[in-house]
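Some structures to go through are shown next.
First chain A sits with chain B, and in the next complex the same chain sits with chain C.
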Partner chain A sequence: MSETAFITIKNLSIGYNSRSGDVIPILRDVSLDIRRGESVGLVGESGSGKSTLALAGLGYFKRGLRVLDGSVHFNETDMLALGRDDLQRIRGGQIALIPQNSGQSLTPTLRVGKQLIEALRLHSDLNSKNFNSRVVELLEQVRLPDPMAMIRRYPHELSGGQQQRVAIAMALAGEPEALLLDEPTTGLDVTTQAHILELLRDLARDRNMAMLYVSHDLGAIARVCDRVVVLYAGEIVLHGSAVQVLGKPRHPYARGLLSSIPRLNQTSMPMSLDGRPPMPGETINGCAFSDRCVLSDEKCTTSSPPLLALESGEEVRCYHSNLIDRIPINSKKVASFRKSGEVQIAAGLQRLAISYSKPSFLTTLFKKSSQPPNTVDNINIDIKKGETLGLVGESGSGKSTILKAIAGLISPKAGKIILDGTIELSARVEDRDAMNLRKIQLIFQNPDDSLNPRHTVGQILAQPLRLYFGLKGNILRQRSADLLDRVRLGAHYLDRLPSQLSGGEKQRVAIARAFAADPEIVLCDEVTSALDVSVQAAVLNLLDELKTEQKTTYIFVSHDLAVVKAISDRVAVLYQGRLCEVGPVNSVYQAPFHPYTDALLGAVLEPDPYITPVLSADDIVELSPPAKGCPFQRRCPRKLGTICETETPPGRQIGLGHIINCHIPNNEL
Partner chain B sequence: MVTVTINSYKTNNRAIMVILDVLSRPSGAVGLFLVLLHLILAIISPYITPFDYKLQNSSLMLTPPDALHLLGSDHLGRDIFSRTLMGGREALAVTGIATPIAVAWGGFIGILFGLVGGRVDEVLMRVVDAFLSLPWILKMLVLIVTFGTGMEVLIPTLAFFYGIPVIRVARAATHDVIARDFIWAAKARGHSRISIIRSELLPNVLDTLMVEGAMRWSWMLLAFSSLSFLGFGVSPPNPDWGLMISDARGFMSFAPWGVIGPVIALSSLIIGINLTADALAKSLGIDRAQKAPV
Partner chain C sequence: MFLMLIRRIFLGMATIGLVSVIIFSGVELLPGDACTQFLAEDQADREMLAQCREDLDLNRPALDRFSEWSGNAILGDFGVAADGITKISTIVGDRLKNSLLLAFCSLVVGVPIALFLGVISGLWRDRLPDLFASTLAIFAMTVPEFVSATLLILVFSIWLEWLPGIVLTSAGAPASEFFPEILLPVVVLSLVMCAHILRMVRSSVIEVLASDYVQMATLKGVPYWQMVFRHALPNALLPAINVVALTIAWLLGGVVVIEVVFNYPGLGRLMIDSISDRNLPVVQSIALIVASVYVCVNLAADLLTMVANPKLRTIYSRS
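Showing the complex of A and B:
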């Protein structure tokens, strides 16, 4: 490791001019050094300016943004003084960017090999004769199986993880000395994410590259970064080694952030960090975090704290970093005791099967019997009244599809959905009667999409109230206000439009809308995955409180195992639309495991640099489930043999209500 | 129980916000000024024209502009300035009625097609394509020749043919909205189809339809002038820009002033409408023409 800094950002301030002509800063006085072979993590919530800072490392600014002050040096070159051509030579060559959604950064009409050759042509000194062998070499380096075949594929033929690997290979084509990564694993499945991070970690070490890793995910940061910088409202609030920042953060905001992350080794709800960060352009008196901080006193609200260097080598923007231990890191809240005395069944799924494929005209004509296997098959679960059932699995595991079938938005191919133990629900929502419709409510992943942008909050809440209860006028408004109060929003939100709310507030409105129907079952489809971690904790807590108040039943779908653990009473693990394991939350998250559960849990990233993920299976999800046998047969690290390929695994009773569908005998699981 | 405060959050009416935003854009301000100017002139022109637009004067045939006759006179000795001022009245009246009809029926059918989808939509859209592939003037002339000219024929004819492209636009806008979660949410709650269209879909499609309506209006004005030019629009002696250009065409080589008035009037109106539509699209946030990132 050389001692001189490789990327130097000094006193950088970036902002834009608002329509009224004021200068609105996004980054304020940010200084950061990255040495060769060092990876630095940049953490912050959405809007904190972290992507802007990463792109500034390339000398690139989004439209409208401009440098107000400061400098950016790369390898002793002033990036802000360079012309377009010089910048282009450095970008992609000496310094490469790996963006979040690499599926979109690959050209859809060019084969993978061709795109890589193009990158080589632009950024390497190789003789064009050697391009092909170099492409294969690059694909091998990013650990893509069968590189020779991969060259001939188009981006859409690859999985999300494979696309991300190709993007990394492209970034490596110019033998870069520095990598900028902007949320490179966000949106990927847990196992894929873990694999990509291991790859990045090894690449950085082997090539002695400098890395700037931007993410809101502290788990990912913990895995790859040596040092961590925490941004809040465009300012660095904490800077230290990964162990310091993630182990014992000295800034109240970093503490709050850390404790709002649900973890596998905890059974309680994460603590929520109340309030929201200031918007760009908002006037900030004193410390930007003061209004959300428990340590805040008069000094904090009047004067802005400087970035203080501590003896431990950390830098903290806080007057009270010596009092930091007053804020607990781990959640202290004890999970509400969940009674299991009631055994009334709220809903039952019986042999539920769903297929998306419609027989095409030709197959019906020739009566070909080669039907593709069902997307979701043979789902048998009873959901007890008042419990939360978590459905986990990677993308394509059919968890959202099952929710849609329960809501009546997709007609199942076979099987029954039973409500209240007796009522068999019609497949289509149009055929269900109003009473049953009211009992089942759905909350969607992305509130931006599930709230009509043209309706005020009042109008949004009025929809179910009018439909199910026929409320009008003042009573309607009063009831809407009560609902807002229940989701901890004030009545003054009634006349706002969704665009005037933050992400967390929007999701609260969506929750209020679901509870307006006074439902018995609430279906939650990845309700927290579009939110920042601190907001996620608040929404999870809210859902838990509403459940205790209303005695509702939740079916909670998520890809995040820690979130599911925090909120669920029982968990069902799905792979390829088939159940792998069902059981009480504490038994599922403890051995014995289904091999798939084991692989998933092993890949979970914890915000702790000392925890290493265990990668027991590859990360490529098949496009369709196998016709016979166990759904997990191809990826399973503990596959027994042909029995796994031919016979559907039996449901083995492991403990009380804990069933594992696997051929491996109980005592060996 | 919480007390409800009515309108404690300052919400500005969206319509007012949009109009203010349109006015704050140069193209919107200029465009709206031109359109309003034309509308006002069309209303008050009978009272302010210096001469009677019908008055023929054989001693003043094709005289160049002077202080008295600002734009000269035509081949029948009529004052071109007065005729230009009056020349937009019929065009604006006809298209002013036909445009909302076109947008309404085209929008309705388009939303319906977008909702129904599947094979029905597929087949009917090919019919729409077939209609669009015929030259518009041919289609319209068939109807006009069959049923005669005059407002009672022109309005339905223009409204019918200019509604067809609106189908396409409304259908596309519907497709954009229909897959979004708030539609699914309404469906899962069990709202009827009609109520989903009215309260969830329509408010989101309306913006597009408004901009489309403005664009259709300008096309329709051009079509009306073209019909007049060909002799199928306004019947003489009523003045119309298209007709005036047609009349003056023969004398262009030695009396070019005959076309200047109507050309400026017609083009300023069309440009005004287009600029307004442009600014409106930007203000509503549905403008797709953004500066390329590279």
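Showing the complex of A and C:
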């Protein structure tokens, strides 16, 4: 611990000039030391300034931003005083960045090998003859298969996980002493994320690198970091060891954040953190968190608390950190399970098959038609009235495709979709009558894309009300206001445009629009994935309340297993468009498992430094499902043999309503 | 990849075929025919008309004539003009050659300047070089061609007497004889063309400079100019290919105003003259040629984009 700091950020404030000429700070008075061989996590919600801080470590500021005060030192060099040439030598050489979205951070017109060689040419003393072998070595080090072929590829020819590995290899090319990681695993599948984090941990340990790990994901932070810094509204509010911050956070915000994350070992709904962080430039009286804090009193709203060191070693910006235990960390609330007596079927999927490939006239003319396997195949599920069915799986598992087929946006190739047990729905949405359309509503992942930016909230809600119920004038407005009340937004939102709302508010409007149709089935497509964790908890709670009031049926698609566990009654696990396992939520999340479910659950990262992920399957990305046999055959760690390649696994009854599609006998699963 | 090439060529040919059908039927549907227009209607007696129709072979069914016309057109023979004597391929051929000359010179002058200025103003966004180039571009775009052409004639050929103001060379003369008469039209066309391409390149460069991969290259320690030439420009210039292609097509068929102002014997002016003379066979042929130019140039641009853009290459080789 006595070793001097390697990266020193001191009293750093960064801001920009607003159009009216005011200086708007984004980071305020942030100080942080990182030693060699140490990894520090930087946590905060979107807009908290965490990425800005990481880039400042490289002496880089996005267009418009400037340093208001403070200093950044790297290895005793003042990064803010360096000229362009010196910065070029340090960047990528001594400190390297691993960016958030590698898909967009690799130059699309250059082959992967060329981009890596460029980094070598800039930052290593190697003879240019040895570049190629060094590149292969780097790619092997990040565990990319077939490096010789990889260097010939263009970035878009790689999967997300492979792109991220290339970005890591590129960062390692200059043999840096420090790594800055800006959300390096956000947007990757759970298994891929877990593998990348293990790789980063190993690399940091082997090379004794200093790491600054920026993320909103406390699970990833818990896995990689020794110390954690929590940012709120551009200020450090809590700083301590990973065990302290994630185990018993002494700041109300950190505590709220932690309890808003759904966990695998919990059956209750996550607690929501009400309110929203102040926008940059908003006047803050006293503590920035005071208006969202249950401990807040008069002192908190009048004077801003200093960052104080506690006896236990943490630094915390709160007057009441000794009262922290008064804030409950676990909600008692459990998702409202449907009444067990109800057996009416809301929707049934019978042997549903969907294929995206439609051979065009010309390809059939020139090519012999070879039918690729269906994207989604042989899906049989009944969804009971009032239940929530969770659909989980990695990207490419066909979960969103199934939703689109139910909504009528894609025509299935075969199979039936039955509504209310009797009505067979037409494949195309144009052929469905208004009554059936009204009964099924869809909520999309990203409200920025699903709400028309030129319509006010009132206009957005009026559309379904006018279309399905013919409402007009005052009644229409009254009904819209009621809907907004039900999603915990007031009638004063009616005249606002989506751009004037926060992410969580937009998603509430999207939910209100779905419920305006008074639907029987609501299809939720990754509805919380684009939201911050605290907002996610609020949206989950809202969905659950609406379900209790309306007796709605949900089909809830998500890649996040903990979220699905919190809200679902039953879960279906999908791989490559085929069902692996279906059953009541508690049975699926417990042994016996389908090998794929086992791999998925093992890879989930929980915000607890003591939990180690279990990586059972490789994180290879498959582009298309196998033509026959079990969909998981190519990655399965427990593959039996040729039977898995030739025969579709049978659906074995494990418990009541719990079915696993696998060749492995029940008692060995 | 090869399949897709064949497919695109096939589609291009189908497009030209469709265009030829539309042109031919359009001409057929017009009241009267080549003979009624050639022989002023009131004077023409029935015999002369019949004789003319016999000469021009107009009595056969339309389908027969279309297949013959299109068949010959493929071989470069467009038949005879409305006077029944002049071969269309000779008139149009000379004009096409002149238009190609004008287009080629304008491209050689205009495109490099446009790309250069576009890149400069993108890199120095909102600073002096950008303000200068962008203002000039807006000026060149908003001032109508005939105004800038007239101004240039006024300055360079009337006041300074450096260059001839109009083209007096006959349509059939060899290319070399058009110099220096061709210079002023080339300058005007380059100006207009430059403005469009410059604006497009500028916004494309700005967009690419704000991209994640340019930021990443900078943070990897790539020196500024290396970043510009290796990471930014290859991506920023991709959309320019299509714009240049459309410009080529425009230069060959759509610069009538300039041709008229400078008395340049190009394809556009022949088209206008033929329309006012109601010389329908010639109009028909020019329309077909211009349509084919559009199709070919676009095909070439698409192929070139594909060569330059690895992403598109993958998409096409998969489909």
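Convention: the second predicted complex is superposed on the first by the 652 of 669 C-alpha atoms of A that agree within 3 Å, B and C clash if a C-alpha of one lies under 4 Å from a C-alpha of the other, contacts with A are read in each partner's own complex, and residues count from 1 in each chain.
Here is the rule we go by: a residue touches a chain if its C-beta (ideal position, glycine included) is under 8 Å from a C-beta of that chain, and two chains touch if they have at least 3 such contacts.
What you are looking at is a predicted structure, and each value in this text was computed from that prediction instead of being measured.
Visitor: Putting chain B and chain C on the same copy of chain A, do they fit or clash?
Guide: Superposition check on chain A flags a clash between chain B and chain C.
Visitor: Examine A:446 and indicate which partner it touches, taking first as chain B and second as chain C; both and neither are also allowed.
Guide: A:446 contacts chain B only, not chain C.
Visitor: Output check: A:478 vs chain B and chain C. Expected answer is one of first, second, both, neither. What do you get?
Guide: The first partner, chain B, only.
Visitor: Pick one for A:429: touches chain B only (first), chain C only (second), both, or neither.
Guide: In the superposition, A:429 contacts chain B only.
Visitor: Between chain B and chain C, whom does A:456 touch in the aligned arrangement: first, second, both, or neither?
Guide: After superposing on A, A:456 lies in contact with chain B but is clear of chain C.
Visitor: Going by the contact rule set out at the top, does A:495 touch chain B (first), chain C (second), both, or neither?
Guide: Only chain B; A:495 stays clear of chain C.
Visitor: If we overlay the two complexes on their shared chain A, which of chain B and chain C does A:174 touch? Say first, second, both or neither.
Guide: second
Visitor: Considering only touches as defined above, state whether A:83 meets chain B (first), chain C (second), both or neither.
Guide: neither
Visitor: Which one hits chain C, of these parts of chain B: 43-51, 79-87, 133-141 or 187-195?
Guide: 133-141
Visitor: Which chain A residues contact chain B in one complex and chain C in the other?
Guide: Chain A residues touching both partners: 63.
Visitor: Which bits of chain A are touching chain B when the two form their complex?
Guide: Residue positions touching the partner: 63, 407-409, 429-430, 432, 434, 437-438, 440-442, 444-446, 449-456, 459, 463-464, 467-468, 474, 477-478, 481-482, 485, 490-497, 513, 517.
Visitor: Can you tell me which positions in chain B touch chain A when the two form their complex?
Guide: For this pair, the touching residues of chain B are 1-9, 11, 180-182, 184-191, 199-200, 203-204, 291, 293.
Visitor: Once bound in the complex, which stretches of chain C touch chain A?
Guide: Listed in rising order, the residues are 3, 6-7, 10, 210-213, 215-224, 230-231, 234-235, 238, 308-311, 314, 319.
Visitor: Quick one: in the complex, what on chain A touches chain C?
Guide: Result: residues 55, 58, 60, 63, 84, 87-93, 96-97, 99, 101, 104-110, 118-119, 122-123, 154, 156-157, 167, 170, 174, 362-363, 366-367 of chain A touch chain C.
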